[in-house]
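Below is one structure; the comments refer to it alone.
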Amino acid sequence: MSLVPAPVTAIHLDHISKSFTLDGGGTIAALGEVTLKIDKGEFVALLGPSGCGKSTILRLVAALEEPSTGAVTIEGRAPVELSRQHRLGVAFQDHALLPWLTIAQNVALPYQLAGKPVDKARVSALIALVGLAGFEAARPKQLSGGMRQRASIARALVLKPDVLLLDEPFGALDAVTRRQMNVELQRIWSEQRITTLLVTHAVDEALFLADRVVVMTGRPGKILKTVEVPFARPRHPDVTREPRFHELVDELTLALEPAGGHG
Amino acid sequence: MTKMLKTFVSRYWGVAGVLLFWQAWVTITGVNSIVVPHPIDVARDIVTEPGVYLSNGSQTLFLAALGLVLGMALGTLVAVLAWSSDILSGILTPLGLVFSSVPVVALIPIIARLFGYDVKTVLAIVVIISFFPAFVFTSAGLKTLPAGSDDLFRVFGASRWTRFVRLVLPSAVPNWMIAFRLAAPPAVLSAMVAEFLMGTSGLGYLFRSAASNFQTDRAFGTSVVATIISVICFGLALSAERAVLKRWT
Amino acid sequence: MKHRQRIRTITLGAIGIALFLALWELIGIRGWAGLTWPPLSTVLAFLFDPSRRPLFLRAMTASFSMIAFGYAIGLVLGLAAAALGHLVPPLRPGLDRLASIIHAIPTIALAPLFIVLLSRELTGMAIAALGVFFVIYVSATSGLAASSAAHRDLFQVFGTSRLTQLRRLDMPAALPALVSGMKYAVPAAFIGAILGEWFGSSRGLGLLMVSAMQNFQIPLLWSAVLIASTASLLIFGLMSLAERLAYERYR
């Protein structure tokens, strides 16, 4: 008998594939066979070339799409049950803030959608956390692209979700702000150990944040390789300077190259 | 000072040009001044008998405004009903399209005959005329949700009602304001035309009686008052639209 | 999937129109709306009675020619004004104001002016032209602004003259919006012509409507309105087809 509790599977993609029907009548295979298990409290990053099906995987977990074959379960049940219980947090690739609400109202929106009273203190704390203090009363169009993305991350976190899905949340940020946001995200994650699935194009971001990095290839999307990230937590930004970190960056970058990383 | 003058010229040279062209036309073709009254005479009639213009003008304005509000409300209500049911929407949408592609003003004589020559008929006409843009634009607005918002509401587990109140209705507001601005001038116009055709009361009636009594200064005075009322209504609707769109999009 | 959606849309639309026509007939037969609401069949029988053909033909010729001329004049003026504002930007604000004031004036208020300046018969044409002018000006202006900034910069870098840019970039980009505008100008032209005829023209569908209304000639009244509406609907439908072609080709 082991003293370490066995990991509990939170998200399970069980031999799923997904194809879309195009307007013309043809079909496009977005995902081939994909199997992936994500443990409770685990942070998994998805890497892969554009169009390889990363967002599609996220949408399947968020119950926004149905798999063509196979099954997606969260804690053994259908993902839609999780969203009905308001236990899902999502930040999409495009921010999806409502233009007629202020930033504070946008961040508070999940409370209203869940029919819960708004926790004003938590809303302003999260806004401060993503570096938007002072912009509570601004409207989305008055903010830059990166600021909007940060607002949508605050919104994803506001209900203390059990599963967090992030689709290139820092895509529009400059390198410095991105680094800062990575540190903040790690801090928030360490406090609650939310099961997190992060889609990103940045190899160093994936290595810095995730427990496991999954590399995909496209058309149809498949998992190419999985890399366990060996660095202990909490991770100081200085890990990115370690030789081991650079080795892993090189390994993953190679895997991402069109040839497929057989070198 | 010169800056103000410059802005004024840059904004109103077109209007001024048309007025000058009109004056030139009258001078060159030598139209009889009994047929076209001098602007002074028109102004004198308005100033000396403001009561006639005021009572008739306010009645027309009241009917147009009330009819516009009721028509917009009705159009919005039907658009929401159509939104809630695919079948209803499939049936009503093409009808809305048909009615917005026909000259609805031509329906005024029919409505006048159906409801009888009465002030209430004027109101009914304005309601019907304002209904169609409200229905067509609100219907479209209820379907144009901000990018990604539908997914967002599903992921956060919003109920159908919450989605309607917090997403679908607010999404329709910009289109609703466009409908309001588009419907405002036809509301005043159709009220006046209805009054003109039925000869009940209001500006349209004043216009008709002045024309048939050859009081050309009164007829032109009515035109001036009607134009002022309509331009003000349109201006108000336009600035309301701009203010809302600024906050909303 | 897409195909089934289309069939569904068409079926439901056809049901909607059929229900509307059936209701029209039923209300007329049952007399729910009184004597002034004739059944559709009565109106159609009245309309297609050979003895009335000359009457309707005369009215249609008069009205449709006013509509066509008014439409053409409004189209040319609207295009000219939009092109002027586009080529000489300082003139834009003045043109915009003029257009929106023309739009805001209740056309009935201009009738006395047109009656003296032109004639009773041409008043409808003038009002139609004004309505068309506004719709065309607005759609052409917004269409001319539709060519993307990136494309404009590209042309600028190549040192293209303003006129060439208008011909090669702005006009093709403006075409879809313009065709949409031309579509919406159709009912505007009909409204203008009919309104004009209500102010004492001696011919046309508008005259038929007013005199039928005053003399309680109910089937005649509905027939005249039906003719005008159907004609507007048909031309609007044709324009919709042209619009679809323009969008496919230029977007």
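The chains carry the letters A, B and C, assigned in the order they are written, with residues numbered from 1 in each.
What we mean here is this: a contact is a pair of C-beta atoms (placed from the backbone, for glycine too) under 8 Å apart; a residue touches a chain by one contact, two chains touch by 3 or more.
Just so we're clear, the structure is a prediction, and the values are computed from it rather than from any experiment.
The chain with its CA mean position farthest from that of chain C is A. Two chains share more touching C-beta pairs than any other pair, namely B-C.
With centres taken as mean Cα positions, chain C sits 52 Å from chain A.
If you average the CA atoms of chain B and of chain C, the two centres end up 17 Å from each other.
Note for the complex: chain B touches chain A at residues 146-149, 151-159, 162, 166-167, 170, 173, 247-249.
Residues 8-9, 11-13, 15-17, 19-20, 33-34, 36-37, 90-91, 93-95, 97-101, 103-110, 112-113, 116-117, 186-187, 190-191, 194-195, 198, 206, 209-210, 212-213, 216, 218, 221-222, 225, 228-229, 232-233, 236-237 of chain C are the ones touching chain B in the complex.
Note for the complex: chain B touches chain C at residues 9-15, 17-18, 22, 25-26, 31, 35-36, 87, 90-95, 98, 100-107, 109-110, 112-114, 185, 188-189, 192-193, 196-197, 204, 207, 211, 216, 219-220, 222-224, 226-227, 230-231, 233-235, 238. Every residue of chain A that touches chain B in the complex is listed here, in rising order: 59, 62-64, 83-86, 88, 90, 92, 94-100, 109-110, 112-115, 139, 141, 159, 165.
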